[in-house]
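Here it is, the structure, as structure tokens.
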Amino acid sequence: MDIIPQLIVNSIIAGAIYSMVALGFNLIYGTAKFFDLGYGVLTAVGGYAVFYFSRTLGFDIYISILLGVLIAGLVGYLVEKAVYKKLRARKASSMVFMVAALGVMTTLQAIIAILFSSQFQVFPATISTQTFQIFGGVITGVQLIALAPSILIMFGLVLTLRFTKFGKAIKAVSDDSEVAKMVGINTDGIISKVFFIGSCIAGLAGILVGFDTGIEPTMGFSLLLKGVIASIIGGVGNIYGGVIGAFLLGFIENFGIWKISGEWKDAISFGVLILFLLFRPNGILGKKQ
Amino acid sequence: MDYFVHIAILIGIYSILALSLNLIVGYTGLLSITQAAFYGIGAYVTAILLTSFGMNFFLSIVIGMIITGVVSLAIGYVLSKFDGDYFALGSFGFNIIVYSIFLNWQSLTRGPLGIPGIAKPVLFNIDFSNNFYFLIMVAVFALLVYFISQFITRSSFGRVLKAIREDEKAIEVFGYNTLFFKLTIFVIGAMIASIAGALFASYITYVDPTSFALSESIFILAIIILGGLANNKGAVIGAVCLVILPEALRFVGFPSDIAAQMRQVTYGLILILLMLYRPQGLIGEYKL
Amino acid sequence: MNILETKKITKHFDGVYAVDGLSVGFEKGKITGLIGPNGSGKSTLINLLTGVIQIDGGSFVISSKEEISKILPHEVSDYGITRTFQEVRLFEQMPVLDNIFVVLTKRNVFSSLFETHKKFHLERAEEVLKKVDLWEKRNDLAKNLSYGQRKLLEIGRVLAMSNGFGDDSDIFFLDEPFAGLFPEMRKIVIGVIQHLKEQGKTVILVEHNIDIIRELCDHIIVLDNGKLLAEGIPNDVLSKREVMDAYLGE
């Protein structure tokens, strides 16, 4: 059997999921200006919310998905209100933000594990169990469905940023939050909304992973890392770059383990990260320093 | 009684780890989140040398320190290219890579199965499989590390480290090659962490990768931030608090798997609350 | 005799020349004023000569030795150069005394490990801190000082580099040391600069206050758009029309 088409399909699926995490992460980094290491855990929040509503409470799967996305958004929003907003008011250093974000990550992850146990869980197979053959590679229905929202979200974000007043406010805050404040933009309000939107995207990514493979409390961690690496490959804070970086990472990972064991995936991604940090710290789209 | 000896041994081991990381984070201002990697290298070197070659425990500590020293020199050199947030992120990455190696280099580390049956040392007819003697040994090492840390941080070298933390460019123009200073302390910190690893491996008699995951690095970071950065006593106080606190939770009556998660909730919340209300920790001399 | 000469030094940022083929000399043992409107390249020149930013073209010569076209920050003190920063840069979370000790002690990694401050370090630090009126504040953290005291501490730190042991500096770049100071503090800084001159040191002073320039400087160099506009003794240069135009014009 020819393995290359399958590797390509897998790379694209991985790229689609990573690109969502990278999009949200970049959006938050752009406005709040710190590496939100607690961002990844919101994927688990989304995933477990769907698990709870559909499996435990028996809600309709689509309603569960909607609730899962909203709950992830809400949790992200509340963390921003309760923690980051206060740190911002105090003009805390970016190290303080990172340490606080590590705390958020650790806490939420453990709370999920307490509520749902740290076992790997699978969603009820209600959406699609079909598989399709594409150029000799196998793709599941869920995976096909996963591609659609990531593409939609990307275009939606681009259009929002470019053409709406809200998008322009986000851009103003990203460029210079002090100036934005002076021209009358409610920067805290914008950042809170960005956290909500970014966290919704994370929640959706987590839900898609749940349908694709399954969920566990620590899932957000490796997803976050992939999102961060994708962002750095593409240039941190650059929305388009993050997406390109995500697909590139998807390909590097899947082709990287072609000849060696799949267990090395994370090490490969981090090798890529460190090479990029060393040689192209501003990413493939960024200017060389 | 045995239980208290056990807790005291853990406090000793985490004090060593906290002191080692405090040199890097507290004194030099390098937010390194990879200390568990060096802790793990020390543990694995001892585990492998003792189980496969029947080597003397104390000799294995020295070899572990040398290997950790070489690895940390390479990692430190790469990390020296980054500053601030990117340093933290890069160090994060190295923890993941080293963890992956523990997990996947199965011919050496037995992967997720771990390495069991690590012997306890014997020295001058003192058998350290008696936990009380083991505690004394850990205490001796912890004291030694404490005095070395005091010696380093009170020297002119230590003062330069603090200046690097405060403003690296400014201290550079006064003639200090800061790269050498940063690398030196990074390697010293890593080698000290490897001692803790060797003690841990020998005490538990078993090592597996999960003890050296990123969450362990975050835990060590939480210890020094709680106790107070740039203060060696603070590192020890932090270790005492964060080792005892989760044990207290166990007494409250949580089942053990939940207690393990509660430990994470506890130190996660401690990190958040400290950042919000007391970034210098209990007795810290440096605010992030 | 010139202790420091630049030869066609160039630096541009995104195609804009901050320093444009500049060739100037600084005379040994004299106080040279470096003046010019904002953005004329004064601070950039200092940053280039102290390795804080790298030169794009040209070179410079110290004490008539080899031509230097690339210098790293930690190497500049080997050439006897020391400096202050336009925006005060202290070691904020360290006591005042440690801010001075840190430039008095050994530069080598290994010998510094086995050194703590000695009696003669303390005596020297006391001398310096008394000169800048901060001895009483020696145990305060630098970040808790007032604006003026912070400026004085930075002056004290470079003064400690004129110490007769360790890394003794000959060339002192002072980037706007008087900015925002009250008159009594100005007097202290003037005293330090005169003290350095008495010791035979070379001082290069960036300053906007014309009265201070007239009072202190032996020679002034006027920059405009990264180029040399005029140089000479203060009274001559300051009476030139193009100099006043550069300051007032646009």
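Each chain gets a letter, A, B and C, in the order it is written, and its residues are counted from 1.
Just so we're on the same page, a residue touches a chain if its C-beta (ideal position, glycine included) is under 8 Å from a C-beta of that chain, and two chains touch if they have at least 3 such contacts.
The model shown is predicted, which means the values in this text are computed figures rather than measured ones.
S.K.: Based on mean C-alpha positions, I'd like to know which chain lies farthest from subunit C.
M.R.: Between subunit C and every other chain, the largest centroid distance is to A.
S.K.: So, comparing each chain's Cα centre against the centre of all protein Cα atoms, which one is closest?
M.R.: Measuring from the global C-alpha mean, the nearest chain centre belongs to B.
S.K.: Can you check how far apart subunit A and subunit B are, centre to centre, with Cα atoms defining each centre and the answer in Å?
M.R.: Taking the mean C-alpha position of each chain, the two centres sit 31 Å apart.
S.K.: I'd like the Å distance between the centres of subunit A and subunit C, where a centre is the mean of that chain's Cα atoms.
M.R.: Those two chain centres are 49 Å apart.
S.K.: Approximately how many whole Å separate the CA-defined centres of subunit B and subunit C?
M.R.: That gives a centre separation of 42 Å.
S.K.: In the complex, go through subunit B and note every residue touching subunit A.
M.R.: 31, 33, 78, 81-82, 84-86, 88-90, 92-94, 96-97, 100-101, 103-104, 214-215, 218, 221-222, 225, 257-258, 261-265, 267-272, 275-276, 279, 288
S.K.: What part of subunit C is in contact with subunit B in the complex they form?
M.R.: My answer: residues 50-52, 72-78, 82-83, 85, 89-94, 98, 101-103, 105-107, 109, 112-117, 157, 161, 167.
S.K.: Taking the touch rule as given, give the residues of subunit A at its contact with subunit B in the complex, in rising order.
M.R.: 34-35, 37, 83, 86-87, 92-100, 102-111, 113-114, 117-118, 221, 225, 228, 232, 261, 263-264, 266-267, 270-271, 273-274, 277-278, 281
S.K.: Of all residues in subunit B, which touch subunit C in the complex?
M.R.: 152, 154-157, 159-160, 162-163, 165-167, 169-178, 180-181, 184, 285-287
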